[in-house]
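Labels for the chains are A, B, C, D, E and F, by order of writing; each one numbers its residues from 1.
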């Protein structure tokens, strides 16, 4: 695991829109894989395995879904804070 | 992963009804698979594998369940906000 | 995936009792499988695979558990609202 | 799936203690398996497979953990309501 | 499943520190396995399978993570109650 | 499982930034594996299996995602407490 990889782009869970939050969830899921396997050549070799195996595609979907739960909660908290102003 | 695919239809987690929220959960789960495997021909080839393998059908169900947790939370927050008016 | 299948019976997550909420969780989990594999003959052929494979039985249990988390949260919110009256 | 099986013993998620809540989580997880495979003879035949396969033992643990999340949340809510009296 | 095994040490989810909460999560995950397979000799025989199989090590990690979510929530609730005094 | 391993670095879930929270999630996930398999030589032998198997890489990502949910919730609670001052 390389400690030097930034795990959250821009260092924030807050996004302007749900769509951007969803994209962040995808990126955060990928960055854990990158940090666990920092060798780009190996990741490149593994990529077709992900993208053509239904079980792995679904497992990626589950990971993104869990990441998105956290991101949505962080953003909902802020929005509710806004509504209380 | 294609960055150009919209990951949340209409860009919003808010739906008028739980049924529409459930449909959104199904769509969001599918769109992550589409974004991870943007080649429609490959997805078409994989589809029967999903739909006839009990383990994969259940795994899809788990993914939708997690997505729906987030959508339901987002909508509950709004409903509670309504009740406070 | 057939868009015409109703994914939430009665269109509501609210139930009178936890027992009914649990039954709803089971039904919602099944309806995602039905929507992903709309062919009743294929589902009938897959059913014994689910019911006699310990790993699949446990996986079904996990799916129901996640669905029930959402249903319980929706109903708890309402109950708490009642208590505040 | 047999509709006649009671899925939540006593029909309530509320327990006097966390220990009883944990026991309820174990029972609720088992009852989904029972409802999915109502034939006691088949369940009896599958039982040694669960209890001697590390992967299945861990999967059962995950299911109980998810069930317990819901039960704990339900009970925490009530306890907090008590504290507000 | 032996009903006589205590599933939560000390019968409480509340711990003085996050570290103790994490240790509790590990113990609670193990106790479900113990309750599902009460035979110590069989558990001892399975232990090396857990500890040398990467997939099982990760699955144990997921179980602990879920247990810890519940424990952390229970403790956060109390801490917030303290802050309101 | 070695009881002497510290499971949460610095004994706290609170971090200054989301990025540090994410790093904590990675470390907490690893420490459970270390506690379950305390033999460094065996862990070293297993490491390439993790890092070159797509299914295991994704499973690690799911574990980190769950850990991060807890860490984010703990930190959100504090931030909201700050906003109320």
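In this text, a residue touches a chain if its C-beta (ideal position, glycine included) is under 8 Å from a C-beta of that chain, and two chains touch if they have at least 3 such contacts.
Treat the numbers as computed from the prediction; the structure is a model and nothing was measured.
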Worksheet item: Looking at where chain E touches chain F, is over half of the residue numbers used by both copies, so same, or under half, so different?
Response: different
Response to the item:
Outermost chain relative to chain C, judged by CA means, is F
Worksheet item: Taking each chain's centre as the mean position of its Cα atoms, how many Å separate chain A from chain E?
Response: 27
Worksheet, complete the sentence: Whole-angstrom distance, CA centroid of chain B to CA centroid of chain C, is 15
Worksheet item: Out of chain A, which residues touch more than one other chain, so two or more?
Response: 50, 55, 59-60, 62, 66, 69, 73
Fill in: Touch-based graph of the chains, sorted into line, ring, star, complete or other
ring
Worksheet item: If you start at chain A and step next to chain F, which chains follow, in turn, all the way round the ring?
Response: A, F, E, D, C, B
Worksheet item: Can you name the residues of chain B that touch chain A in the complex?
Response: 1, 3, 6-8, 11-13, 28-29, 32-33, 35-37, 42, 46, 49-50, 53, 55-56, 59-60, 62-63, 66-67, 69-70, 73-74, 77, 81
Fill in: Of all residues in chain F, those that touch chain A in their complex
17-19, 22-23, 26, 30, 50-52, 54-55, 57-62, 64-66, 68-69, 72-73, 76, 80, 83
